[in-house]
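What follows is chain A paired twice: with chain B in the first complex and chain C in the second.
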Partner chain A sequence: MKVLVTVKEVAEVGDDFAIEGTEIAESDLEYDLNEWDDYAIEAGVRLAEDGIADEVVALTIGPERSEETIRMALAKGADRAVRVWDDAIADSFLDVDTKVDLLEAVVDEEEPDLVLTGVQAADDAFGATGVALAERIGFEHAAVVNDLELDADAGVANVRRELEGGVEELTEVDVPAVLTVQTGLNEPRYASLRGIRQAQRKEIATKDLADVGLSPDDVEGALTVTSMYEPESESDAEIIEGDADEAAGRLAEVLREKGVEA
Partner chain B sequence: MADPAVLAVAEHRRGELREVSFELLTAGRELADAIGGELHVAVVSGDVESHADSLNREGVDAIHTVPVGEEFDHSVYQGSVEALVDAHDPTTVLLPNSVNGLDYAPAVAESLGIPLVTDAIDVAYDDALTVTREQYGSKVETTLAVEGDRFALTIRGGEWPAATGTGEATVESFDVDVDPSDSGARVQGYEEVGGGDVDIADADVLVSVGRGIEEEENLELIFDLAEAMDATVSSSRPIVDNGWLPKNRQVGQSGKVVTPDVYLAIGISGAVQHVAGMKGSETIIAINTDPNAPIFDIADYGIVGDLFDVVPELIDDFE
Partner chain C sequence: MDFDLTDEQKQLREEVRRFADNEIRPIASEHDREESYPYEVVEKAAEMGLIAPHVPVEYGGVGYSAIENAIIIEELFAVDPGIGLCISGAGFGAEAIMEFGTEEQKEEVLPAVTSGESLLGSAISEPQAGSDVTSIATRAEKDGDEWVLNGSKMWITNGTVGDYFVVLCETDPEIEDRYSGYSQILVEADRDGFEAEKITGKMGVRASDTAEVYLDDVRVPEENLVGQRGMGFLQLMQFFDETRTAIAAQGVGIAKGATERALEYAQEREQFDRPISDFQAIKHKLAEMRTNTEAARWLTYCSAWSVDADPDRATALASMAKEFASRIAVEAADEAVQIHGGAGYVDDHDVERLYRDAKITQIYEGTTEIQKNIIARELLGDGIGV
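After this line comes the complex of A and B, so read on.
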């Protein structure tokens, strides 16, 4: 069985940041592998280690910079990677539909049996790409999966979906399927030095719009960011000033006022 | 019946409508007024008659019941919503941004070929739809202009007040050709997780620890503080994901909802799913190195500082 894992390089905002127009200043952003995708990679690699998956392919939509991130997936055990990017999408907000256009083209070529995505990307937090992709490519799906047992012979994935309030739904999902992976599904490994060395030799195929059979018109999204601003505070927090000693002293006073007693 | 501006789809679990269903009515009414049209509500599966009764609140024009199946099954929900859209042609399909909402909303939007915006915290309509949502772990808000005249939206729980009053909606059963036994994802059952010796929901004072603690060994510092303050230790999700604390200590959307007298958040950023579990606390105090951490937006007191400097001092103060 072939497993395709979608990974995204996400932007994280530093402690202090500036907003320029409808974007965060580039110098205030740090890039990292999306937390949820780390668990999806681990799930894919374990399926390979358990002899269930023959090949694990990592797939990303991202600029050249994101090769650093996708190398992490390779270092952790993915066999090879595909990166889709084009200057024509560099400056627009990639909506779910556009992402699915790009992913679908690669799925058609790779013909995986199982697609693992993260529940959401930490930066945009749309939480929709995996399920929309499933609908497009005609796969079954399950969202927010925190436990997975694949019965390849029976063609089903037995999953737990993590609902709100500590309730889990036990569901049997027909394969081929797209599963959106929740943190806690497994314990993502750190890349070993050997893995990092091996990753340097693994293939990252890059594809532009033409390679995936799309034109710039096809990927014109329906969403435009019209403003970005810092949210207004809902409370008037009293920020306790001073060095650690003073601040802790004042906080201890506050806590005692609130009835906290040692 | 006039064409609806908004079709809102209620959510229920194990016999109970979830609170977000009533919030959908408020958001739906607002949006329907702005667009100029009716608010229709769909209730799919389970005891649809009694749910329709509860959902018949002020501002609802029509309720469509789909008496197929018992619990949430995404193919039944998707099939029902698509058939209702076909029959009634609403401008907006309005769904909850819940775990189950995210299990079918993207499929509905994809199948209908309409744009989707998830996790909306505000919406406005003035010839075109504008949606407000958060990005970068709640550090910024953005507004998105949506192109087109049909769209799907999921709304964040707790952002709109629940609708009240009694409505005069027509209630009609809707016939749709969906069969739960055809579903490719079959629900086998449910399990409650996170029981155990400590019930953090009972505690008057919680000392809650997040990823800022960095290493498992460092948790000792937090337990020392809790002991000095006679408090109970809880945590954000990553601490539980890492296996450092059991699931019954997790505060938030997928953990416990807590309302202690004092909630002391240490090295917790204040992600929406965390805040969902503790925003009802009497007094919220945050210790965080990042002055822009969203936890300060809901805190009553804050220290912008390093927990490894502040917590030892605080322990001293209480010992």
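After this line comes the complex of A and C, so read on.
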């Protein structure tokens, strides 16, 4: 079985940042592996370690800088990686549909049995890419998966899905399938020192638009960012710290101040 | 000349930092206060391959050089020197076995250490023998096909938690040459007559286990001799360049950790209606801390580089790096407390702990004074004495 894991390098900001036009200043951004994807990688690598997957391929859409992030997936145990990028991609805002175009092209070439994605990306948080990809490539799918057992012989993934309101659903999904992975599915490992060493020699194949059979017009997204601003905070939240005793004391104090009487 | 780290080294640094932030930072204070050994995190570190990473791949290590070792140590010590020492010191003495041990010793000890199954220690110092290593009094005598050890060892890292110790002892007192007649012998902690007593009340690195070790007619098979009989002290000296570079990296880490915390606090704390980082006096402190850390780091990397690339220069460079980085660590921790004001004087801020931890780097693995003696000796070119 071949597993394809999509990973994204996401931009993170600290408390202080500047907005330049419709973007956050580049100097205020730090890049890291999307948290959800870390769990997806772990799931893929464990399938390989359990002898279920023969190959785990990491796939990203990102500029050269994102190789740092994808190399972390290789250090954790993915066998090789594919990175799709093109100047034309850099020039437009990538909406879900466009991402799916790009991912679909790689899926067609790689022919995986299982695609693992994160539930969402920490930066633009659409939470749609995995499911939209499944629809496009005609795979079964399960979203927000927080438990996974794969029966390779039967070709069935037994998954637990986290739904709204604390409801959980147990489902069987026939492979080939796309699963969008929720944090908490597993405990992602640290890349081992040996893994880091080996990752330097693993392949990261880069593909531009021509390589995946698309043209710059195809990545012209339907979405544009029209403005970027920091919302005003309307009230303050207090986070009560300390042990149960202290916390209870402080809580009582706040309630009393607000006029709650026993 | 190129001052950039390789992609692999950068990735290594990033992942070790993530490990230290997530696994060590939350428990550092607790282990410091309780003087307790952090078994769990040492086990996790072993899983990641952080223990004795310089051991060759065939014995379970990663085969890392002194530079990668320095990067790892720096990141661990920046978060917590106590637990950092537990991790980076879990394989103390491994060099001797790697370089001089028999195939059997390597196969028995090295994979056990890198996997975190066993802890190793290096027992050199004694109550009467610190800076002057050649004054050790622990004796090993041959009795049939066994060595019989008698004596006591002082300040031994991992003393009560360790499974194996490379013990420096005198085997051939009749040899007149000052540096010969000593041997390194591998001693298992479960041998009859081996006893270790934990030393409590340390000022810093309190998570690390330090003990006095008593050897009372401890018998080990003759195969436990590491390397050549009578050559123990000279064998030991061969690793000073590496081990001192490692202590220099500890100093760099502490200086970096102190600077980071001071920088953060200075931007948060307001007095006279502005962050204290607006005051030139504070700015200059931060600038100096940062500059000194950078200087210490590159001297340490240079020393690490010379271990493999230019061994003739390594002795002086390692002593310079160790002396300078440990001094910078103590100074930076001092200034970090100063920048925290009263808040830095109590243990709810990390800088209080770093201030106590920093001092050890000027003492172990050859004191500051000894390093200066070595640097001067190399300068003046007179023999190997201290």
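Odds and ends about this structure:
Note that the second predicted complex is superposed on the first by the 235 of 262 C-alpha atoms of A that agree within 3 Å, B and C clash if a C-alpha of one lies under 4 Å from a C-alpha of the other, contacts with A are read in each partner's own complex, and residues count from 1 in each chain.
As a working rule, contacts are C-beta pairs under 8 Å (C-beta built on N, C-alpha and C of every residue); 3 or more make two chains touch, one makes a residue touch a chain.
The shown structure was predicted, so the numbers you read here are calculated from the model rather than taken from an experiment.
Which of chain B and chain C touches more residues of chain A is settled by the count: it is B.
In the superposition on chain A, A:A18 contacts neither chain B nor chain C. Touch criterion not met for A:A210: it reaches neither chain B nor chain C.
In the superposition on chain A, A:D97 contacts chain B only, with no contact to chain C.
With both structures placed on the common chain, the touch criterion links A:E68 to chain C but leaves chain B unconnected. Once the two complexes are laid over each other on the shared chain, residue contacts for A:Y190 go to chain C alone; chain B is not touched.
After overlaying the two complexes on the shared chain, residue contacts for A:M228 are found with chain B alone; chain C is out of touch. In the superposition on chain A, no contact is made by A:A154 with either chain B or chain C. Chain A has no residue lying at the interface with chain B in one structure and with chain C in the other. Contacts from chain B toward chain A in the complex involve residues 13, 18, 72, 74, 97-100, 102-107, 109-111, 115-119, 130, 134-148, 184-194, 204-205, 228-231, 237-238, 240-243, 247, 253-257, 261-262, 264, 282-286, 289-292, 294, 296-306, 309-311, 313-314, 316-319.
Chain A makes touch with chain B in their complex at residues 11-13, 15-17, 19, 22, 24, 93, 95-97, 100, 119, 122-132, 134-136, 140-144, 160-174, 177, 180, 183-184, 187, 222-235, 237-240, 244-245, 247-249, 251-252, 254-255, 258-262. Note for the complex: chain C touches chain A at residues 7-8, 10-12, 14-15, 18-19, 44, 47-50, 53, 57, 62, 64. Those residues of chain A whose C-beta lies close enough to touch chain C in the complex are 68, 71-72, 75, 189-194, 196-197, 199-200.
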